[in-house]
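Read the structure below first, then the notes.
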């Protein structure tokens, strides 16, 4: 019991810290693309401390607070399920569909909280977030189906183990297609540029986030950090072979090496998303829906059909 | 002194003569190159503008109101511009000051709606047929109740003193003043 | 009280019909009272006869004038005849009571006489064992029916009865030629004897004779192209008479077709005729139901629905299997009860509110709750809702139909009953959920009859076992002709 | 063993008595008793059932022999009918006004019980008709057009089933399931088999609300007493679903042998699954675009039934078990949703989204129930809805059917979409002034909602309870569940308790951070950031009308195809045809009638007479 | 409930180094803001990020003249900001009305209505001047002297009196309902046709 508690605490701290570092990386990389100096890497941590230490906060009712808590709780739950190299508290129960659902639930929690504030911007933001969710569901579904059919199992841990022997998933053509589609979907799940219509700052002043201030926004920053970590970790595990290193003798070294390998893969995924985000202008909501229902769906469906042959 | 130096601008003369044929009730002169001026009685303004639009004056740039306090009249200047002739035209009408009433030209130049509302807001000129005339717009409700307008008979400075309660500041002259 | 008293069933209405002019002077009430008394007597005798037949299990054979059968005329009151004579008597008794209120056109004594003749004709057609006698009773029924249709003295009634006379006349002449042909070929008129000789008739005569007989009766039994007169006649006739038309006059025609059809099993071309009858019956159902869809008058709508149900009975009888025939008979019994209830209540609404147009039925639930309730029970039953009586017979007919191989016509009949459900539920909706006028006090006697019939429907619907056993016996009586021949004491003369 | 008869006829008896003694107090008592008695008997009989595996009882009635039997499968479905039926009748105590509604609601409940417990086709058909009539009369009371549309479609379904039954009866000579099964297996021709399957598909498709035949559901579910709709959509649609299981039990093996399989799913099953998939997508998308609260949940109920059909279509025992599990959870959360709708309509009297809003403060209990129902329907892990959806995903995708997998996945997102639309329009935002004094749910409705909410949570956290029951139906250990909280399918594992524990841990962490921050100030709805402009309660800024306009524009092309219009045109065409034919055939002049007779003579002559 | 004084320096450092600006540009100074964000002057180095929602912003830049109409929006937005909030007034107009000293629709002293922490002189100060201002406000936060929001909270009546004096009592409700009478009128007119 103590051992799992310690492992869980480690995972939580590691995830939050690395998540904040990822947010810092995103801001620096985007700044560098704009030929700007960019903030220090620990800037998100500073932002979160500032937000959490605000002296006065407002609330619009019970659901306004509970929605945020639920979002953070669900993200923490999701992180526990995804195998992190050799550490993994609920690794055995890490089921593809369960994790995909858990990664979508924070969005539901945030939307509940935002809408309970009664702000019209939050309403429009929620509507756009829902339509984006609807749009990404089709390619996401086909990608998950392709994965499950190719490996014949739903458990993420078994998929990671299978990739050690059969090589990374992206080397097999059907799963390469699924990876491409899933990567486009990640773009919307991160809320990065081409598909972040739901939190468009200029147009609907950050959509659902308009009413969050002080500690609520701080909690959301933490949630965003963990979510970034979880999504990149999930992608790394199921498509890039996960971090299983057995070269060293002592287990401590193995775990550290595993984490390092995972970190490299996660940063790679993150950079793809950041580059795409820095370059593309923002899609309107029906353009985004039409886009997702055209190319990524075709790619993912092709992958799923090929995987099932 | 404007008359001696005026070089005659044949093209402008010709446009004015063509317009005056079509609108005998108006008088038109060429102030200078690319500046025509017409005087039209208030009730014929709509027909004149319709003929102007038909003869090449595509744009209505602005409707400015001028308050002639001494003559007790408000002058409305419709500033037209013709891309095809490449010239401005100032169509001037005179309205009695106390109840200035004229019909709208929205159906000829749709943009006129905003300009008419502007003239109405600050010079109390009512344009029949403009639906959005009474809509609350630039002036805040407090100013509207007080009756702020840009007419000359309104003591603007007094109003500002009352509104912002900065009595001492305006009595100084240019030499000694208090920031 | 031996069997011979059964002949009273025929004699009583005949004699009392001719006593009516004597009572004419005593006034309208007396005539109506007399009518009720006679029908009550008739019901008693019919009840006794039915009890006798069903308890002993043997049919009662009445020999007219002592002449043994193939020469003399005999009445054969088997299980079927006993059951139906009882139904005819009971319904006439109810209608006599209903006529108190419903009939107020003056020559009441003529009405009473025709009423009794109609009852006599129908009873005779069902009870007789001799073809020519069957023709005679059919003529009596037909003629009294023509007169009664025209009884209301309105233009519409006259036109309806004129149509009925023309078609009825042609139909009965077909029947007569057929009987003559058969008599020519076999030399006998007695049904039992005919059944024995059916095989020996040369094929073309048998076919022609049989076809003519069946289609003579078809006019009376309202099969598809020949029932054009029926809707107008039903609508134009006075309300009690419409009930009698739909309850037993049509049934008598159907019984005759059924009886003769199965008598000539041996004849050549029998199965071809059966298939033709099935097609015509299905068409009757479909055309009748469809044409009822957009009716503005409730009585005409129920008339069409009654023709549709009659078509279904004909379909059952024409299947040629024991299950089909007994299902048909069961449906005859149920249909008689339900249509009696419906026409009674709709007629009563027509009398109370003046006219049976659908507008009068608006908000009937509030105006005349008892009548509205009984109409709803009647219409739910006709549509074939599980807890009512027609449901059981409809199921049996359709099962027998599919068993006999006519699954296409069963599908069409099911489609037609969907249409039937639609217009009945429109009526139910107008009655209960549309706002109507003030409350009207309902007549007690008619209320009792309606309640009795509605209760009968629900009782048979909820517990149909006993009625089903009775009806099965009646079905066997109709179907296996060998037993029929055995019961009739033929003199054994001739080939 | 006439307990079975008591179970079936208790509601009808209660209904008739309630209708007869039309007195305010007694009528409700009788009605609820009518619904409670069968449930009590079902629970009592469970021990006997567990011992003997099947309790059967047969009576011969009206010339046919009717047999009833209680097996594990029918026990599960009967329990669904029992629980949701009881909750719905308790809720009807506050919403129904006269005996009429009690009679026909309980008659349809009797029909549902009869359908589940009958062991022969004729009994099945009779109770099916009874159920249809009961629910039809409930709808007829509110609107004629909706009622007639519902009745015509379901009667067409019923008669299709009757034709199939008659065809089987003609073949096998008896109605009991065992004889029917082997008669169909040995003696039925290929053409007849396809016809019978088609007819059964239509019959059960109509009642379950499958894609092309679903048009009656939105009108029927919304045009009736809302607490009855909880039973209508919770229980009666399950009879349609039970029908699909019957297809498998009776003629499934022969269809498998005759028509072969398509990638490990039987071909006939793939048809059902594909139609189910379409139902999910169509039902969900239409639900998102509705303006009326009842219609939204009607379409959502159709799309959830689509899930069950996909599960049955795939055909493996795991997928059928997943389907039944989803039938249970669907009955629970859909029943709960319609009770919530009933409370809202009962309290505010409004049904369209445009004039509702901001009810969360006024009706906290109902909102809590709605929150539970939303979590369950949208499929959030610790709830029953998620478990059954997860089982269906696993079952469908493990049979490598990619297209079906994609459709099912798409369905889960649609669940989010229309639920958030409902929550935003009804619970949050500015409250219209006339809704200021709405009170919370009355006691009966509150009790009914609680009855349905608790199992939603319990079956989510402890799925072992349900799965042990369902394994008994199939005999073997299809879904192994080592402990009460865990399900293990070999290729996928789920542990309800673990998820709940870690969710609570996550919530605690977040709560700790939350309470470390500065105290919180409650702010009214009008104090929101509207680019600095002040906000007043009179000017409504909440987007309640046309919430998903972009989606409607994106789907504009597909929305033009509507089956509703197709059926209405057919109805109108039939009516015109009837009118035209009547004018030709009965045209009123005698000469033409006489010509008909001549026509008959011509036919006879032609016939070779 | 927890005593954070021990962590005050860290929190002040965080507040100093991550100021989020309310994207609310009043008057003519709005166009001066983008250059600060672009590569030449890059305020993001100091962790400053433009943020449209006042609920999560700290720094409120008043860039240029303030009309009563804008002041109403400024006051509402200012009150929506969570507590440690700072106001940076650019240019001379917020100080004494600047060139609009005699205009009826320009505010003469912004300080009478909302507390100003740092005022930057210049009729639209150049980016370098703004950077100095920001440096100044960061020092104030560092030393904890940037207490504009405390002043607003403590003598709120003074500020409220001035605001009501300018706009009249209950101006929020009045402004919110400003359009409703006209809309109702048009609705009635449309029904008549």
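Each chain gets a letter, A, B, C, D and E, in the order it is written, and its residues are counted from 1.
Please note the rule applied: a contact is a pair of C-beta atoms (placed from the backbone, for glycine too) under 8 Å apart; a residue touches a chain by one contact, two chains touch by 3 or more.
All values reported here derive from a predicted model rather than from experimental measurement.
> Expressed in steps between touching chains, what is the minimal separation of subunit A and subunit B?
Steps on the shortest route: 2.
> What are the mutual neighbours of subunit B and subunit E in this structure?
Under the touch definition, subunit B and subunit E have no mutual neighbours whatsoever.
> Among the chains here, which has the CA centroid at the largest distance from subunit E's centroid?
Centroid comparison gives C as the farthest chain from subunit E.
> Name the two chains that are joined by the greatest number of C-beta pairs in contact.
If you count contacting C-beta pairs, the leading pair is A-D.
> What's the chain with its C-alpha centre farthest out from subunit D?
Relative to subunit D, the chain with the farthest C-alpha centre is B.
> What whole-number Å value describes the gap between the mean CA coordinates of subunit B and subunit C?
About 97 Å, centre to centre.
> Centre to centre, by mean C-alpha position, how many angstrom separate subunit D and subunit E?
56
> Could you please state the distance in Å, as a whole number, between where the Cα atoms of subunit A are centred and where those of subunit C are centred?
About 80 Å separates the centre of subunit A from that of subunit C.
> Taking each chain's centre as its mean C-alpha position, how far apart are subunit A and subunit D in Å?
36
> In subunit D, which residues are in touch with two or more of the other chains?
Those would be 516, 518, 527, 529, 531.
> Enumerate the residues of subunit C that touch no fewer than two other chains.
Where subunit C is concerned, no single residue meets two or more other chains.
> Two-or-more-chain contact residues of subunit A, please, as numbers and ranges.
53-58, 205, 210-211, 214, in rising order.
> Got a list of which chains touch which?
So the chains that touch one another pair up as A-D, A-E, B-E, C-D, D-E.
> Can you list the subunit E residues touching subunit A in their complex?
Its residues touching subunit A are 4, 10-11, 13-15, 17-18, 20, 23, 38-39, 42, 44-47, 50-56, 58, 80-84.
> Subunit A touches which residues of subunit D in the complex?
Contacts found on subunit D: 263, 358, 360-361, 371, 378-381, 386, 390, 393-394, 397-398, 400-403, 405-406, 408-410, 412-414, 416-417, 420-421, 423-424, 427-430, 491-495, 498-499, 502-507, 509-511, 513-514, 516-523, 525, 527-531, 541-543, 547-548, 550-551, 553-554.
> Can you name the residues of subunit B that touch subunit E in the complex?
Residue positions touching the partner: 131, 134-136, 140-143, 148, 156-157, 159-160, 163-166, 169-170, 179.
> Give every residue of subunit D touching subunit E within the complex, in rising order.
515-516, 518, 526-527, 529, 531-536, 538-539
> Show which residues of subunit E lie in contact with subunit B when the two form their complex.
68-69, 96, 101-105, 107-108, 165-168, 174-175, 178-179, 182, 185-186
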